[in-house]
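If you scroll down you'll find the structure; I have some questions about it.
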Amino acid sequence: MTGPILTVDGVDSGYGEVQVLDDLSLTLGEGEIACLVGPNGAGKSTVLKTVFGMLTPWTGSVRLGDREIGGMAPEDIVRIGVGYVPQTENVFGSLTIDENLRMGGVARDGGLDEVVTELYDRFPILDDKRDANAKTLSGGQRQVLAFARALVMEPDVLLIDEPSAGLAPNTAKEVFDDVETVNELGTSILMVEQNAREGLGISDRGFVLDQGTVKFEGEADSLLDDPEVSRLYLGGESRR
Amino acid sequence: MAQILQYLANGLVFSSIIILGSIGLSLVYSIADFANFAHGDTMTLGAYGAFVAFGVFGGLGGTVLGLPIGFFLALAVGMALAAVVAVLTHVLVYKPLDTDSIGLLITSIGVAFVYRAVLQGTFGTDFLQYDIRRSGPIPLLLDTLDVAVTQRDVAIIVSAAVLVVGLHLLLQRTTLGRKMRATADNPDLARVSGIRTDRVILVMWVVGSALAAAGGVFLALYSQLDPRIGFNILLVVFAAVILGGIGSVYGAMLGGLLIGMLHELTPLLSDVGLPISNAYAPAVAFVIMVAVLLVRPRGIAGDMT
Amino acid sequence: SGGAPEDGGGDGGDGGGGDGESTDSATDSGSETYTIGMVDSLSGSLSAFGQRNQRGKEIALDDVNAVGVGGGTLEISQQDDQSTSQGGVSAAQTLVNQEGVPLLIGTVGSGVSTAIHESVVQNTDVVQISQNSTSPNLTNFPDLLRMPPAGKAQAEAISSLLSEDGNESAALAWINNDYGQSVGEAFIEAYDGEIVYNEPHDQGQSSYSSTISSMSDTDADAWVFITYQPEFATMSQEAFDLGVTDQAAWYGGDSVKGPKVLESAPEGSLDGMKAVVPSVPQDAENYQAFVSEFEERFGEEPTSWSAYAYDAVIVSALAIEAADEFTGSALMEVVRDVTRPEGEEATTYEEAHEILANGGSPSDVDYTGVSGPIDLDENGDPVGLLQVFEVVDHAYESAGFIEG
Amino acid sequence: MSTLDVGAYSAREKGVVGLLGALGAFLLLAVVTGFLAPAYLLYLVGLSAMYMLLSMGLNVQWGYGGMINFSVAAFFGLGAYGTALLTASGSPISGGVSPVIALFGGLGLAAVLAVIIGYPTLKLRDDYLAIASLGLAEVVRIFILNESQWTAGSAGLTGIPLFFSDWPILGDLTYPYVFYVGGAPLFYTTQSVVTSLLNVVLVTVIVAAVYLFLRRIHRSPWGRVLRTIRTDEDLAETLGKNTFAFKMQAFVIGSLIMALAGVFYSHLVLFVSPQDLQPITTFYVWVAVILGGTGSDRGAMLGGFTIVAIQQGTRFMTDTGALPIGAAPLRLMLVGLLIIFIVRLRPEGILPPERELIWPDSLGGGRDE
Amino acid sequence: MSEQSLVSDGPILGKDDPVLRAEGLEKRFGGLVATDDASIEVERGTITGLIGPNGAGKSTLFNLVSGFYEPDAGSVSVNGVDVTGRKPHEIADQGMIRTFQTPRKPEGMTVREALLVGPHDQTGESIIPLFTSPSTVEQEERRSLEQAQQMLERFEIGDLATQPATDLSGGQMKLVELARGMMAEPDLLLLDEPVAGVNPVLADKLAGFIEELNEEGITFLIIEHDMNFIMRLADPIIVLNQGSVLVEGPPEAVRSDERVIDAYLGGPSE
């Protein structure tokens, strides 16, 4: 592992005048999968939104490699190799599956058809419904589509907000496998997961967020083994 | 029979104008997400732009479709003017606003007033006309089909068709149409996907207002030009957009065709034994529109894309 | 004597008034300002009329102030009625209740004039003179004066013209407002031929081809248009486009005649059309002077609407000149008299002013305006002289006069 | 906005109240010093009150329930025609009925039409409802315009009595034109201040009653259900709320208030014509509601006032006697710019609804508006 | 029933006292059959689980029984009343309330206000009592308000009570959606993935809460992919696959059923 590919350094951020993140710092090493866990409303999604330019950090910096990206517009951040799967409203309801995927690749220079074909192979659930409007998809199908849309850009860094929410156990496993595959192909991943045990299970490192700051961080395995973390944040057993 | 053909021919000309107006309105409706009450006045603006330009280019020789070439140049100027004004309005007025779609709607009423005030202040309220000779019905059609259609009518229909086909190609052959729909659907996600929504919105304004301007120019060519022509026709254009199904460009075209036809076909009602006076023509169009909406609550092209 | 509103009473002077007392205070105070009100349609659907009114008013104001009124100057405080009755009432409220004008010129639309009369003017000390309203309904309000003759006379004139020309059936298209409805009704009443088509149309539509198509479906000998210029321009063009201009003889009321209409109609397409228009003899000197002044200033021929507005201002000024004091009731007493035939005919403000200034009583003056003899009757309607115009070689030509 | 302000008056409201107070004082001063004629001021008050009613009515439909009703002018017109047809001497069908009874005629007509228009269209969503209602309003207007045997058509109705014309004392008070104090006219005025004053009293009572009524039904479970319908009809349905019934109630109530404005207008202006049903009135009322603050009853009142202030205020800005040709366009532009600026500066309206729709007393003391 | 340890092929029908009975429901979208001859019964007093692969038709089934979709075939009855083809609110009136998989966002409302819409048949929802019996309205409001606050506290979002209901995190929105459904206190509550996106520690607590409510007499039908949660709570569990019921049975048996593992769990369960 070389230096961090993504650095969040002393960031305050929030919505309007409401502060959510409080002096938050974390790093994502090149080639790593890192998982953010924590209670509802802890600020996990807010971290991703701030990194991706949906929110502007009030203070502090966000860097991709050495480049400052805090406050850059999302459409520009996509172009320097970051992808993002939002937690909610993550598909274009009135566009077909195929159009959704192609929209994921508007910033690509070429090879769109190949990637899309490849993605259909990987997610047969989508292949069956190429021409259906995304709003007709079931909750789980939507989630898969949202994930696939972000992959079209083949980003260097992928931010995923709760990839497994609403997925059936078998589909969830597939998606986690895919996350790992994507990671092996060279994408560094920062993931938020409520299915914390599974999420940490495939991660290299973990961060426990509470009330806008990082409460615990470390190797994913050590967090899983930490009884206090388990009790406070992870729940008794695996959820699947 | 000739009677019906004649009404249909009238309807087609009128529809062409409505269609041009409704496309732009529908684009703004779906992408900027508000009912733009300044759209009618954008049409008027284009018509006046072309009027001034025609004063300059009018003398250019040669004719196309029976209209002087200068007219088409003037048309282009009118379209460009409307596009520039619309973009400026977007940048200066709509974009900085922090409000919802109804707030935008109300703002657009204010914008409409300002456009109209400028036109009225500059050109007065009396009606004007493009200085182009009328040539009467085309003899061939009159003799064979007993339908009176003028070269001007043909020019309007053909030009509208060219513009509509052009737009169709633009939407189908480029990703623009899809980007527009994506932006309309979920602007945040569009940006996340890398779509430069600012640009898409600008292009939308350009395309929508240029087409509106074309509609305005043809409207003025068809009847005459005064500061209220666009506003007077706005309700009908709205009806077309809604009837077609908000957000669907093709629906708007269909709605425009239908409303234009209905408007011109009212006299037929008395032929089929419904003694309804022409004074009720707009009412009939509206009642039919409401009836269609009851059957298809989201317009004809409701769920079509 | 023309007292200022502030002192509200006659202040004496030389020259004869209605009661033999002075009406001219020019000698003792030359700087009185008499403010009257004007409600006009500056925006909205009737604003094209309003705009023509403005031109007539401007010329009239200059003509009056060149000579002076009541020893001072005339000022017109103006408000826009937005072509709606709500707007008209608000405009009149501002002028009457806030600014306290004793005389109100207003307005274009017959409905709007009625609204102003009903809600602001009636039972108050204010004179209302409508510059443009022609609806016969206004005859029912004797204290609502107006410059254009009631449309009834016109309708009757058109109908007799039709019969004279041997038309046995007529198709009638009328604009759907107070003016169109009432003139249309008057025509139907007067006409003894058969009416084969009788339909209203809305103002401001972009297309009237369904109206034209329906008319051409009938085999009427004559088509009668009671509508406004833009609407008629559209109709005539559509008729030309449909190739039906020669199908019947065309007739129209005052509002369909105008240079713009001819300009916009294809060469020759209107030839043979007859329009009945209230007017003075075209060769009258005052009218000629008005036309040339108008053309010089605005680069186009005036329409009758500008002439009415012009005369409305002149008559108001004369009333001020003739009245004892600058109040509604005093003005009302004399306003009819200055227009009536008992007196000496005066065709310009200057002439009329002279008579009054030289001690003439209100009834010593018979102002004959640029729009016609005026001669306001007890219902506040002018006695119009009607002129028939025919389009010959794409120009209007006078084809005789009819007494209104 | 972080949290919804559920507390006492916000700074913004205090500002608005202060501003209104200052404006009132200014107007009063203007009257005392003779700059503003009382009769005119009273007319303005009447007009404002009429727009307040219209805005409050629309606010019930749009602000409470999210129904985009573009037929305001039609309901206004029905109220106006209802009472006019019954009372006016120029009425083709009846005339001569006492205004107090005619009031109910106007309201009845509006209620019937509200149900007729509402039944098919309230099932439509958002913008589809907007255009459908606009279309049906046009149908009503065209009907009134063309069926002159019942409505007098485009000529309009004249001879409408004052509202109190047949009342024992008030009726007799209506025609002295000038107020004399010790033999000298107190006001230089040409129309009866008494008449205007009576109108103002009448409309103040109506506005106050409507406001109190609305305040109660708005901050209640009923209002809350409507607010839910406004954002998500399906949600309200799942929770067992008969959304159609709720919408219909709000639609009818709103329409009745608009009709009430129409009734008042009839007796204020004493002339009605199909022109009064032109859609432009509808647009102005919409502007009023949005400027005032969608969903807020006080906002609607303020919006109604604001729109009259804009309309009439711009009259004076351009009223310089010898007007240039550009006076009307100038005014049009001013009105347009004012609308744009107010939305820009106050995107949520001047007095946005800040409180929760929870029955005031149940939250504990001191929470009333 | 309770003795039976084997899973049944297809649904178990003919239960003693079903709150909800759906028979032969079918729903097509164009060529796609989302629900195909699906029948289920929910026995009063139970917490019934509904699981199945993504796209199996679970949410569609909810939409059918709650009146949001019109079935192409089949019938639905609630508390013995046939409600096929009725409007959603009429079905809700029969005592069945549902939540949505994608939480609804009530704009312009505070969190507690959004909860207060929940209770069924509030006196203050009619206009006349607002004037004739304001005190009843007030009492009801007080009660609901108290209940709402308690509920929010249990869901660990008590401090959000006066926040705008739209300014919430994804998980918080799900919690509000759930809480509102509970406020209605229906006979039968249909929950569509109540704890998707909810923190596992809180999810455990919610499970406890649902059990409590169940003991107080509310019947539940719950769609959930969180095996831990649904296995702990539900008995029986119905498995839906490709639009119809694959099996039904007690949780442990279902979990180890080959067909379920194949179609849904994917590999041996932990």
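Just a few scattered comments:
Labels A, B, C, D and E are assigned to the chains in the order they are written; within every chain, residues are numbered from 1.
Just so we're on the same page, a residue touches a chain if its C-beta (ideal position, glycine included) is under 8 Å from a C-beta of that chain, and two chains touch if they have at least 3 such contacts.
Model, not experiment: these values are computed from the prediction.
Shared contact partners of subunit C and subunit D, listed by label, are B. Most remote chain with respect to subunit A, judged by CA-atom centres, is C.
Summarising the inter-chain layout, the chain whose CA centre lies farthest from the centre of subunit B is E. Taking each chain's centre as the average of its CA atoms, subunit C and subunit E sit 75 Å apart. Averaging Cα coordinates per chain places subunit B and subunit E 49 Å apart.
Taking each chain's centre as the mean of its C-alpha atoms, subunit A lies 29 Å from subunit E. In whole angstrom, the spacing between the mean C-alpha positions of subunit A and subunit B is 44. Residue numbers of subunit E whose C-beta contacts span two or more other chains: none are found. The set of subunit B residues touching two or more other chains comprises 120, 124, 277, 279, 282. Subunit D has residues 1, 145-146, 325, 328-329, 331-332 in contact with two or more other chains.
Against subunit B, the residues of subunit A that register as touching in their complex are 52, 54, 73-75, 78-79, 84, 86, 89-96, 99, 102-104, 106-107, 133, 149, 153. Within the complex formed with subunit B, the subunit C residues making contact are 43, 45, 47-48, 50-52, 176, 199-202, 204-207, 209-211, 213-214, 217, 229-230, 233-234, 237, 240-244, 260, 263-264, 266-267, 269.
Only residues 35, 42-43, 47, 50-51, 54, 61, 75-80, 84-86, 89-91, 93-94, 96-98, 100, 102, 109-112, 114-115, 117-120, 122-126, 135, 137, 140, 176-178, 180-182, 200, 328 of subunit C touch subunit D when the two sit together in their complex.
Contact residues of subunit E toward subunit A in the complex are 29, 32, 51-56, 58-60, 101-102, 156-157, 160, 167-173, 175, 193, 196-204, 225-229, 263-267, 269-270.
Taken in their complex, subunit D has these residues touching subunit C: 36-37, 39-40, 43-44, 47, 145-146, 148, 153-156, 158-160, 175, 177, 188-192, 268-273, 275-276, 278, 280-281, 311-312, 315-316, 319, 321-323, 325, 327-329, 331-332.
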